[in-house]
Structures are given as C-alpha cells and as structure tokens.
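Heads up, the next two complexes both have chain A, just with different partners, chain B and then chain C.
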Partner chain A sequence: MTALTDPKSNQHHLVMGNEAFARGALEAGVAVVAGYPGTPSSEIVESLANVSKERNLYVEWSTNEKVAMEVAAAGSFAKLRSLCVLKQNGVNVASDFFLHLAGSGTRGGMLVLTCEDPGALSSVNEGDSRHFSRMLEIPLLEPGDFQEAKDITKWGFELSEALKCPVMIRSVTRLSHASGNITFGDLPETDHKAEFKHDGFILDPDTGPMISAPVAYKHGLQQQKVQQAIKMFETSPFNTYTGPGNPELLLITSSACNLYSREAIKLLGVQHRVGLLKLGTTWPLPPKLLEKHLRMANKVLIVEEVIPFLEESVKILAMELAEEIGIKKFFGKRDGTIPSTNELNPDIVIGALCGILGMDYAGLTAEYSEKANTHLFLGAPAREGTFCAGCPHRASFWNISQALKLDNNEGFVCGDIGCYSMAVLPAGYSTLKTLHAMGSGTGVASGFGKLGQFGMDQPVFSVCGDSTFYHAVLPALVNAVHHKSDITLVVLDNSGTAMTGFQPHPGTEKDARGEEALQMNIESICKSIGATVRVADPFDFDETQKTIFELMGMKGGVKVLVLRQICALSPEKKGIRWFDVVVHESQCLGENCGCNRLCTRVFKCPGLVWDTEKKVSKIDDAICVGCGVCSSVCPVGAIENMEVK
Partner chain B sequence: MKIGGSKEIFEQVLDTDLCSVCGACVGICPYFKVHSGKVAKVFDCDLEKGRCYAQCPKTGVDFEMLSQNYFNQPYTDKPLGTYQKIVAAKAGDMLQGDRFQNGGSVTALISFALESGAIEGAVLTDAEGLIPVPKIVENAGDALKCAATKYAAAHTAAAVNEAAKDGRTNLGVVGTACQLTGIAQMRANPLEKSDFMDPVSLTIGLFCTWSLDARKFKDYISGKIDPATITGMDVPPPPAEVFVVKTGNSTTELPLSEVRTLIPNGCSVCPDMTAEWADISVGAFEGKKEWNTLIIRTARGEELVNKAVAAGYLKLDEFSAAGLDHLTTGAGNKKKRALKKQNQEVS
Partner chain C sequence: MTTELPKLKADPYNLIITGVGGQGNVTASRILGNMLSQMGYYITIGETFGASQRGGSVMSHLRVSAEETVSPIIAKGQGHMVIAMEPTEAIRVLADYGNMEIKVICNTRPIHPMGVIAGEQAYPSQAEIEERVNDISGQAWFINATDEALADMKNPVYGNIMLLGAVAATGELPISRDDFEASISETMTADKVALNLKAFDRGLEMLQ
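Here is the complex of A and B:
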C-alpha cells in the first residue's frame, strides 16, 4: 500500500488502479463509503477503511450490495459525498434500489463504482453492467488509464452533484489490479456535516422527500439530466483524440482497451494511418464530438470488452448523423472482428488492425512461437483448481459427498458463490450440482424441496458460506422454512469472507474500520426462524457424517448444519500448526487393492504428495499446514498426527 | 476367470440390480461401504483388478477352484453340494435361550466353539431395528443375543474382511450362501497377496431361499408395525403363505405375496439354498418343529458336532428319508430357477 493520504500534490506515486480510485474519492472529499467484497473491487473499500479515522470517513462492508448502495445513498441524501463499491454481480443485486435511486435523484455527489471481470478471472460470469447506465438513464464514466482512474473519480462526484443523480464508474480487472504512476492532487478538509432536509416541497430536490414519485415527472427530469450530461461530455477532457487529421481508420475505445489499442497502434507503427478516439464518458455519448471524429474516416473500429455496448451507441449516433457524415464501414463485435467474450489484449487488437489495414504482423518469430506453444501445452503439468492445504471445505465436502453416496438416493447439493464453488470440481468431489448467484443454492434447494408433490424423493442439500448466509441466503432460508421445504442447508462457516481477503461480516466481532460490532450467530438466527439446527466440526468425520445422517432422517422442514472450522489462511490461524503429520511408509498401502492412493488420488490435499519412486504417500512439509485431517482419511492408519515439536 | 475392478462390479452387479448386500466387497478398502443395508461406492477406484470383484458372489464364481480349495475334491453339482451326512439337531441343555428361530443349533454350535476355545471369535449378524449389522462376538452370552433370523439382507462378509485387515485369525462365521460364497472366495486369496492370512477357521451356513431388501423391508414393516416392538419373525412352511411378525404376546400375519416383492433381484440368480461353502449348514426341519436340519460337510464340522453333543450343547436325531427327499427337491428347484434366471439375464 502506498501512502494514500499523502498530502503532497504533484508528486508521482506508483499505485494500484483500485488505490487510484480510492485517492480520487479522498481528493473529492468523500465521507461515506459502503460496499460488499468482490474481486476485483475489494481493495477500494479496504484502502479507504484503513484511512477512515485519519480522513474522518464512515466506511462499512455492508451485508450485501443493495444495502451498500442504500447506505451510501443515505450519505448523499444528507449532502455528503458518498461512494458505493461493488463488482458486476453486485450491480445486479443492487439494481432494484439503483433504479429507484435514479428516479429520486441524489444530493451530495454519489458514485457507484463497479469493478468488473471480463474473462471471469475471479467470477462465475463476465456480466457487463454498462447496460445499467442506459437502462437507468444515468451517466457512465470509464477511465482509460491509472491517472484517469483517480481524476475521473474526483470529477464524477462533481458531475453527480451538478446533475443530482448517481454516476456510474466502470473499471475492469486490468485497471483495478494493475499498477501505474499517477500524480496526486490536493486533499480537502475533512469537516463533513450531515443533515437530511425532508420538510420542503415534494418536488424540491434539495429540501423535499427523496422519492421517485411523481414518476412521470421525475422520469422526465432524469432525461433532462441526461441531456445536461451530454452537454458536459461534449467538452470533457476524458474524451481524447490522438492521430492524423484524416486517418484511414478511426479506432474508438474506452477503459483498459485504450491501453491495448495504444500499444497495438504503436507496435504496428500505424500512428499515421489510425486515429484513436478514447472515450471516458461512454453513456450518454456526446453527438457533436462523435460527429467531428466520425467525419474523419470512412472505416471505424470499435474496441471494447465483452458485449458491443459502445459499438451500438456509436452506430445509433452514426445512423442519426448519416446525412452529415456519410455511410461508414464498421468493424467490431457484431461483424466478428473483435470477440464478444473474454478479455481483450494487444494481440487481439493487432489482429483486428492487420485485417482491416491489410498488414501482416508477427510479434514473435515462427520458431519462438512454436517452441513457446510446445512448452506451454505439453511441458506444463496439468493442474486443476483445488482448495488450499488444510482448507475446511475439503473436509466438509468429503463428509457431504460420502454421506450422500452412502445414502444412495441420488441426493445432491445446490451451491453458490465462495471458495466452496470449487466443489463443482474434483477438488470438492464434484459435489455441487447447481451453481449460480450468491444465495441461489438455498433458493434453488427451497424449490427442489417442494417437488415431493411430483414424486421427487432425492435428498436436497444446499451449501453457503458464513458471509453469503447474511448476504442473500437469509431470504431463501426464510422462504424454505415458511413453506416447510424438505432441505438441509450446510453453512460452511470459516469465520470470515475468506475468498476476498477476510473482510468482516455480521458474524464477526469487528467492522471494516476495526471497531467493535454486534456479532450475530448463525445457529441462533436459524433456530429463531424455526429450522432444526446442528453444529459440527468438519474435521471430525464421524461426528459430521453422523449428524448429516441424523438430519437426513428427519423428513419435512428445513434442517441447518453449521460446519464450523476457521479458514486455514485466516490471520488467526495462518502459520499455526496443530500437528506434525507423518506418513509411516511401511504401512502405506499405496497403489495396492485396499487403498489405491485414496489420500493423493481422491482426497488430494496439496500437502500430501505421491512419492513416485518409493510408491508411498508423503507429507510436503512446505505446504502441509498440520491440520491432521488426512490421518482420518488413511484407511490403514499410516498417517499419524504427532505433537508439534 | 478374469478378475475385474470396481468399475466392472458396477456394470455387472450394482447397475444390473444383482447385489444381495452380502458385504463381500465391503470392508476391504475405503471405496465400497454399506449404509443402512445398501452397498454404495463412495469414491471412484480405478484399479483394473480388485478383491471387491474377485470376492463378489455375483461376478461369477469358480466352483471348481472353490471345491478343490474347500473340500479337496472336484465340484459336485448335486443339489445339496458336498457333504458327509445329514442329521436332525437341536440345542442341548447347556444352552438356555428362548428366541431361537427353530432348534437353536447354530447358537449352540457357535457357543460351544467359543466356550471350548475352538474359535477365538464369531462373526454373527445382529440388527439395529430391522437393519442387520454384522458383529464379532467373543463369548456365548453375546452370541445368544444374535440368535434368530433377520430376513433382511446382511453384509456379514464385510466384518470378515475387516477382521482380515485387522490381522485376526481363528474366527467362526455364520452366514447365508451369498455371504459364505464371498468369504470362500476371499479365503482363496484371489489376488495372491503375499501377506494374506485366512481369518476364518469355522463356517456355519444358513439355509436361505431369499432375503429382503433391508430398506424396503424397513419401510414396509414400519408402515404396519412399530419396529421397536418386534420380538420375532417367521415364515411358516407352505401352504401358509404368510410372513409372521411377533410383538410381545400378539402376532401379525402379513401376506407372503407382498413380502416377496421386497426380495432383491440378486436372490433370484442364487443357485445355493443350503450354503454349500460351509463346514456345517443348518436350516429348519420341515415337519419336525423346534428341530433343525444339519448338513455336515467337512471333517472339521463333524468333529465340532460330535464334541458339542458330548458337551451337552447339541442333541442329534436321525434325519428322515422323506425329509432328505424334500430338501433335495427344494435345493434342486432353487438351482433350476437360478440357472433359468441367469440365462435370461445373460441373454
């Protein structure tokens, strides 16, 4: 982390994109920050939480993204600058409130900052939330480099205040998680004063109630704000053109694709042939600016990630302007020049440019390429996703999977989002059979649990993490309990939002700022709504499996099993060995009938390795964390947990 | 005979519903387990050859090899298998008990073998409710608790596999044909393991025409009678056509035609009514209530019977020619039905 609160302006700092966003918010005088952890967005709230005392901020990790947006909105309604941070899925979660917020408008500048994940590097979708700006009729900003990430954030607050509506900023993994040099600006005073005025005339945006009614009037007002935004965008410094006066090809781009496009143009040496129009204000598009640049060239290439959002907006304008600017030849996603899935990179842009300009380009010599490919595909060992050494999820799924197999009634588990999503893979014994959004496992299970009416008698399970439990499982659980759905929810409680870096949640003692918070208890909540609740330690196979069978034996209604064991990487546990685990080689059955490498072939903790020479299992001391669970896995007791020396 | 692995067991036995839950594939490894009367494979094993396959009585049995191994003589295809003599028997005065299925001869023989030190432990079948569970007992008192027929299919062979893994020897086993066939195959050390030790020194077979799917049986009975109150069960000889359940002082008669629907498909291909791979096989003596039929198959079996009689644990009587005729016909019919069914399954 850099000194985010360094008061010295005009100094260069190497910062991560997410820190640049955080610094931009600080320079704008943000007072209220709320979000829900999600890669690649989490560092923004964390950075601001770390300086919350120093900068007099209110920062929280909210229960979910909808609540986070509501918390941030309250700050705005009280005339404070506020920031809501989330990832693409989070925008969906918050979208119901978001629509109404766009209608009611805001007071203090309010940004909704979404960090998205083209290529789904750390997601199970590559949703593109830019659509929301068009759907909700609110301005969308997309920074094109690290400096802009800071500057556009600062300006976004001013824009929001000028328009009295929320402004959306979209980042992507390669901006949020890459680092670059930026110049800091000044930090303002921190004497924020909050007051919510609500007694004024119903239509008064500064003193009346914050509501989206009368709807038609407010909706019309919103559309006026869009027109006002267009005027401001026509002259925005975040929209830049680099290139000749009459290029052969106009390349229009935004966000991280600006970096890829710049690199591609430079590598090909086509600066004199290709003009680069980089847009920072991507919705609504400023027509005059577009008209000016579209006039320059007959060929237009639009470079953006995931869906053709910018491309469609440009094409609509080009159609409207056709009389003035003439008919253009467009290249982009709709004609297949640029792929519509996954991340882009300079090579893809180079490929597109070469196709359009009739050029050949080889970044690497043929010999090198061949060699690289050979090593990449043949030389690298096959690796699949797995849980960390000592991960409680491995033990939990070992138990759940075995219990369902032993029960032998085609039982299955519905999953959702967390490290445990990996249980769709052999790492979790392929236990999860449905996997969707946060909380969806329990919602889907609630539905399955009612299909007995149609003859379905398979045992239905769902799993969720402790943070997810509060985020979105609760409504699904309440639904299941109310409707007496016959399901078992297993809460994999590893005591923190582990996947994104142990952010606190309602079940933890501290809040985002490290201050004492009211800690809730999952089993008490479940009991109070009428579920049958058991708690077990997943490392204790006998107890856990016995409890699962006990719950499966109870027909009708919701059963909850809390499998509690702290994450092996949590700050409280990391580096603490419970046991020195040893494999007694003489007892190890290895590949023989009676074992067939159960520990290294099936259980597959990375701390256990197969000695190909001796044909026995052994502990990899560098990786083993000493949880001792594998001693329960070995069918002949060849693995022993020794006292730590 | 080609030995396969767990994949082939699935293809040939579990997926084709031929499993009779004898337990021969269970207790060897971490992959095959029994839960609540049903065999399950909890994880995949990719070995091409496994003892699970070699010991399963439904993957194909090499009768010739077993006969040489067991009786030192070629396999006889006679309905009652190889035997030395057949007698009538019942428990002697040394044995006190009131819940024997018929004459109490099995409990008497096991009790005597344990008490006399002929065996160090006995693998028997107990029950948790209506679900049978194998149990290794060390004394006559515990053996007595396992008396009476369970009817539901029991994975008794699994306990023998476990005992072998634990290095136990000199055990007696009481089991039905499928269980004892599995155990006989296990005792032949099919994968030729160098450190193999035979855990079994005495086998007592139980006559069996069918067993019941434990889970279906539990569900069926639970709908009619509280399983916790059941004190005994019996199938009286034809033409009764009833399944009798005793609770305290009352009895309930259930139609045998209903109960027969709970028989695992696997029982229909079993050719062995009298448990041929045993030292002694024991069943009811139809027509002589509270007496058993005893088929003494080996010298060891005969020695045990003689000693048990001398010690007052067992009483013997002559077996009738009519009884032998009746038994032979019954056993022969089971072989015929099984062969017919096997041919259907294959074609």
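Here is the complex of A and C:
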C-alpha cells in the first residue's frame, strides 16, 4: 500500500477505504484526532497516529468514544480541525455529548466519522447510526466509493466550518475494509495554532462560551444551519446521476450500495432502462435535486443498508412534492423488495431489479448450483469461529467453566465485548450467558448480585478485557462495590486491545503515538475502590481454579480476579514458541481412555487435532504455537511440553 | 490510465483468495493487488477482518479492471479464479462464486474445523476433495504449498507466496516474477525479498 503521506498528488494509489479517509483528513489539515478502537474503524486513527509526528498532529486512543468526542471537540473549540472516529456502537456511547455539541456548535471544522457494520461481520449488532443526524439535526455525508471517501472527508471539514456545527460521515465495512485506487490531492502546511476564546458575548459563536444554552435559541440556530446545508447540498458534486433522461426506474442509493447497484445494472445490461441517483449528502436531502430526478420516472427503488433511513427521507419529500411530480410507486425495504437485515450485495440488487423490471437472471445456473451445493454439503465441513491456538481466553474459560460445573450451583457468567465474546460459542465452552454492550456484563452482574432479596442464590460472574475495563466497566464496578453486590469480575487481561490490533489503553506503557504514557494498574484501581482482588495466570489451571473457588466462597461484596496472560498474536509474543508440544502416541489411550477425548472433543484447540487413522490426538505443527496449555488437560499425561529445539 | 496495459481475459477479472482466519489471506491479496495496481490496473479488494477472522472461513475478493473501480463484492457465479489456502474452502467458495470455466489453485494442507476436531464431522480425503473441486471447476491445480514451506523455509506463511507464484504460472493474469520482485522490494528488506522470491519461484515450478 502507498505511504499515507506520499506528497505526490494526481497519482494512482491503491489504498484501504480507511486510509482514504485518513488521507482526506490530512489533506484538510486535521490537527486533533481521537477515537476508540472498533472494527471496521480502527485503521483510521492508527494510520494517522503513525504519521502524527511527521504531520504535527495530536492523535489519541481515548478511554471511550464519549471521551474521544470531547477531546476532538476541544480541538475544534480552539479553532483547529478535528476528527472523532468510532463505530456504530461508539456513536451511542458518545451520543449524550454529541447532542449537546450540536447545540453548542463548533469552531474549527469537526467531523464525526462512524464506520458501521451491516451484517455484523465483526459486531454483536448491526446498528445504523444515520438517524442520529436527523435527531441531532446535523449534516450527514456518505461516500459512494474510495475516491469519495477521501474527497468527502476533506470537504466535510469545510462544511463544518461554514456551518459551525459537527458533520457526520458514515462508512460501512465494505468501504472501510475494502481497497481501491484513488488519486491523492496536495497536503497543506502543518503549522497549527490553538487558542480558545471564551470571554465574548454569550451568543457569539466565535468568542463566547461553548454551551448549548439558551436552548431554544441555539436549537433554532441549528435548524437554520440545516437550511444552509440544504442549499449547499443542492449543487454538491457528491450527488450524481447516471442514466437516461427518462428511465423506467429511478434507483436512489448511497455508500457501498452505490457500487453494488452499478454492478447490478451492468450485469443485467439495463443501463438504458434504469437511472442511478447516487447521493453523498444523505441528510438533510436537497429537495430541488430530488424533485428534478423524481420527475424522471414513475417507479423509484431505494437501495440502502440496515434501516430504511434514506427511503423515509425520500418518501417525505415525494409526499411534499406530490402535486408537482405526481404519485410514485416506491420499492425498498418497507415493501420487502430490499431486505431489512444483513448487508447487501450485487445479487440482492439484481434480484430487486429483476422483480421490478420483469427480468430473469441466474448468475449461478440451477444445475451448477445444485451440483456445487451437494459438494459443499458433503465435502466442506462447516467452520465455526474459535479462539486462536495459544489464546489465553480458551484457558480462562476452561478454568471458569470447570469451576462453575464443579461448584454445581447454577452459577453463570455475564459477558462483554471483545474476542472473548466468542465464549457464547462452544469454542469458549458456552460460558457466557448474557452479551450486550461494552461494560454491560458487569452492570448486569451488579443487578443479578442484588437479587438475593428475592431468593436468587446462584453464583454471579462477569468478564471483561483490559481495554473494556477502562472503557465502560469502571462505572458498573463502582456501582457494584458501592451497593455490596455479590459478584466476581474476571478481568481477562491480555495486555492490549487485542481484537482490533493491539491499540494502547490506560493500562499500557505507551500511547497511540508511541510516547510514554502514565500506566495504570487494574488490581490497584479495584483495591482502592474496596474490591477483594486476586491475580492469576490462566495457563496455570490449578492455581486459577483454586482462586476462583476461594473467591466464590467469600459471600457479599465484589471480588475481582485478574487473569493475566498476553495475547498469542501480540507483537511481543507472536512467533515465540515456549515449548515443542508433543503427544506421546504410546501414552495416549485414545478412545479407550476414560477421558472420552477430553483434549480434542472438549478443550478443542485448533493446534491439537485427532488422528483418525491412529485414533490418538496429535499436534498440528502448522497451527500449534507452543503455549503448552493442553498438557494440563490430558488426564494421563500423554501431552508433554518439551524444551524448544 | 496508460493505454499499453495488457488486455485482461475478462474485465473485471474476478479472483477470490480464500482460507481460514490467520493464514495470511489479507497479506496475499495486498501483495497481488499492489503488483497489478503498480502496473496501472484498477484494483478493488473486498475483505473482512476482526472477529470474523478468528478460526472462521475468510475470503478476499480481488477484482482487476483496466477501466474502473467496481463492487468490493463479486456477484454470484462470476468468479474467474480461486486461490484456496485451505482445500475445503475452495469448495465453499465455488458453491457461491463458481462456474464450469473457473480456475482453482488449491493448497492441499487441511486445517480442521472445530466440528472435525471434536469428532462431530468428518474431513474429506485429499482424493475426495480433488474429485469434488474438479467436478465444479474448469481447471484445478493442487499443490502442497504449506508442507513445502514448512520443510524448506520453516514458516508456513511462505506457502502463500508459492500460491502467488502458481498464479503467475497459469498465465491467467499478466504478472511475472519481475513484477513480484519490484513490488515487494518497495516494502521488504533484501533478505526477505530473497526468501519471498525463492517461494515464488517454487510456486512457478509447482505448476509447470
């Protein structure tokens, strides 16, 4: 991939969508960048952190998204261009501040860039935060390809500065994590001067205090900004039309769906029948532009992902314009032409177009499809997600689930967000019984821990990762301690925000820019607020399970167990083999052992497989990373950790 | 865009690199994408990472065009080539994107899914996999890249580079050893370039 700060403009660069956003921010002269890691957004802050010295930027991974937005807003208040990056859940976390920020307004151009995950490829929800733009009454931009990802970002800063309000940009996985060719523009000078003016008249947007009061006045002001945005959107180059003057069908779309729609129209060869109106400014919609295009056709198809946000906005305008443009026949999510869940793809758009235009299309012939699906069914066993070989979470959940089973009191674990969320699956022995938002495991546990009043006496556990601990677990933990809720929090400390690529957090030594930071310690924090704290290595089964029983035996109040073992993929550990693990074929009793294949049937590390010919377990050398944990699982000691040769 | 670009066998040419999370799918698609982009083609790559890659099936859709950026997701049945880092993943991809003309380059080293490790499902034999892939593709090559890489170069990841060498050997895409060398030399140290070239050459040989 091309270096993000390549000064050569007007050249053909292959970049990831997230790098295109980052380059757009650099071309706009961004100075302050803050975010919290979350797939598919993380590479934007990461790539800007990597060039922060070269480009004189302040970049941080904040404790959570609300703090990130506040940090970015400070930059804007001091007349700098600032960027806050998050994923769809993050917008919810930041939304309280976001609402007030729309009220107070901004000074230096400020973008809130949300990268969302239709289909929940790497999420536990497919939330669509576009509606925040309508709720907060701020402009929403959605780029329709990689070049626009860069260009719209650059323009977004100008728009924000012109309106003095935050501007929201929405991306999706198939833009953020896809790659395409773009042409770079010039990079500006990097001398930024920050000053916060606050002594002016209370209503002066440039020199007064930054507040959302007087509320009715500021709210009215925000609505005037929306009207101004509409005027600018009427002529925006990010809204384009391709197709005949009088199409049979007008297809209105935005974001990655633009690429799917183009593909569908081309594959069907209906360029002469379907007009494509691609919108980059999706809220507020520009009515004159919509009127011009809605006039063209009697049938209108709206193609977008998740909720029918664009569809509803278009329908409201069409209703208001009905006298001039006539009554239209609409197709979209509300009539079921386009599915309302999961991500879209070219085939879904093809299906919708065929239905409306009365065409037949089969990308896969029925004959091929039947044959291939038979082979798939018989010859490609399903592959469910699992923890990596050497992952400390497998060991942690083994310990927790074994202890809860032995205790036999219907104990359960409230889950949280990270790689360890996979412990809802057999990969983590189906240990997690609730799973919601960041920090929610401990909040929910805090509630369960107070239900003794109503006769509930099941042991209550929660888990969280080290980054999640700082993000949103702390307030829940303080609540549990204060109310003497009877719970055990297990912190799965793998020393970094592992799932998204080892970003730093308050518990790490360095910050996003690689500079020394003040490192906090989870056990000290927990002790200082009054919890009983233990620390163990999850790879040590005896010690860990003994400690879990000790904590379960203490009735009343919050217990915290920090299970510390670094992630197997972390830069510090990856490629370092602790042991050459071997299965002694002569000692493994195979199917005759009373263990009923405990190692491969229950423990299930991908590095330890079953030899179907010899009927014993064996190590897969291409996968095993040599953590040696499985040697503790075998009841007859057939798995041995040898010194690395 | 330059006009001397070699004409592609199809425009866009649709290639899918598939495997299991952690095998190096993303890196392989980047290397191939960069080579073709530096030649002047428009490259669109669609891929997923994060939770979706932990032990699950992963795919990169790599699309090459002399004309334009296209959808990061290929439409069903429209694949021209599949590079499978794991053999059963080839069948999974063909079921959605295959056709009777598609070319397949398949690494033969299995990675057992959890259900197989647990004894709930069976993993097909090499002969069975070959038979199934051959039955739903135009042409397929099976090479033992991972084991060769483990034996020769002590690192299974070089198996991926052997697969790229094999792509060059098919003549399906206008890429050569020189393009590969030029592309990796931009980002890798000299000793790494030498190792990668060795793997690429081995891949070229494996198909000839």
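By definition in this document, the second predicted complex is superposed on the first by the 640 of 645 C-alpha atoms of A that agree within 3 Å, B and C clash if a C-alpha of one lies under 4 Å from a C-alpha of the other, contacts with A are read in each partner's own complex, and residues count from 1 in each chain.
Everything that follows uses one rule, which is that contacts are C-beta pairs under 8 Å (C-beta built on N, C-alpha and C of every residue); 3 or more make two chains touch, one makes a residue touch a chain.
What you see is a predicted model; the values in this text were computed from it and never measured.
After superposition onto chain A, partners chain B and chain C are found to sit side by side with no clash. Of the two partner chains placed by the overlay, only chain B lies in contact with A:Gly594; chain C stays clear of it.
Of the two partner chains placed by superposition, only chain C is touched by A:Met499; chain B is not.
Of the two partners, chain B and chain C, it is C that touches more residues of chain A. Using the contact criterion defined above for the overlaid structures, shared-chain residue A:Cys388 touches chain C, although it does not reach chain B. Seen from the CA centre of chain A, chain B and chain C lie at an angle of 90° in the overlaid model, rounded to the nearest 10. When the two structures are aligned on the shared chain, A:His375 is found in touch with chain C, with no touch to chain B. After overlaying the two complexes on the shared chain, residue contacts for A:Asn408 are found with chain B alone; chain C is out of touch. Of the two partner chains, chain C is the only one touched by A:Val609; chain B is not.
Of the two partner chains placed by superposition, only chain C is touched by A:Ala427; chain B is not.
Of the two partner chains placed by superposition, only chain C is touched by A:Cys419; chain B is not.
After overlaying the two complexes on the shared chain, residue contacts for A:Pro635 are found with chain B alone; chain C is out of touch. Between chain B and chain C the least C-alpha distance in the superposed model amounts to 11 Å.
Residue overlap on chain A between its contacts with chain B in one complex and with chain C in the other: 601-602. Those residues of chain C lying in contact with chain A across their complex are 1, 20-22, 30, 33-34, 37, 40, 42-52, 54-57, 69-78, 88-89, 91-92, 94-96, 98-100, 109, 111-119, 121-124, 128-129, 132-133, 135-136, 146, 150, 156. If you check the complex, the residues on chain B that touch chain A are 28-31, 33, 35-36, 38, 40-47, 49-52, 165, 191. Residues 401-402, 405-408, 429, 549, 591, 593-596, 598, 601-602, 633, 635-636 of chain A are the ones that touch chain B when the two sit in their complex. For chain A in complex with chain C, the residues that touch the partner chain are 1, 12-14, 39-40, 121-123, 145-147, 173-175, 177-181, 256, 259-260, 262-264, 267, 345-347, 350, 362-365, 368-369, 371-373, 375-376, 378-388, 419, 421-422, 426-427, 499-500, 597, 600-602, 604, 606, 608-610, 612, 620-623.
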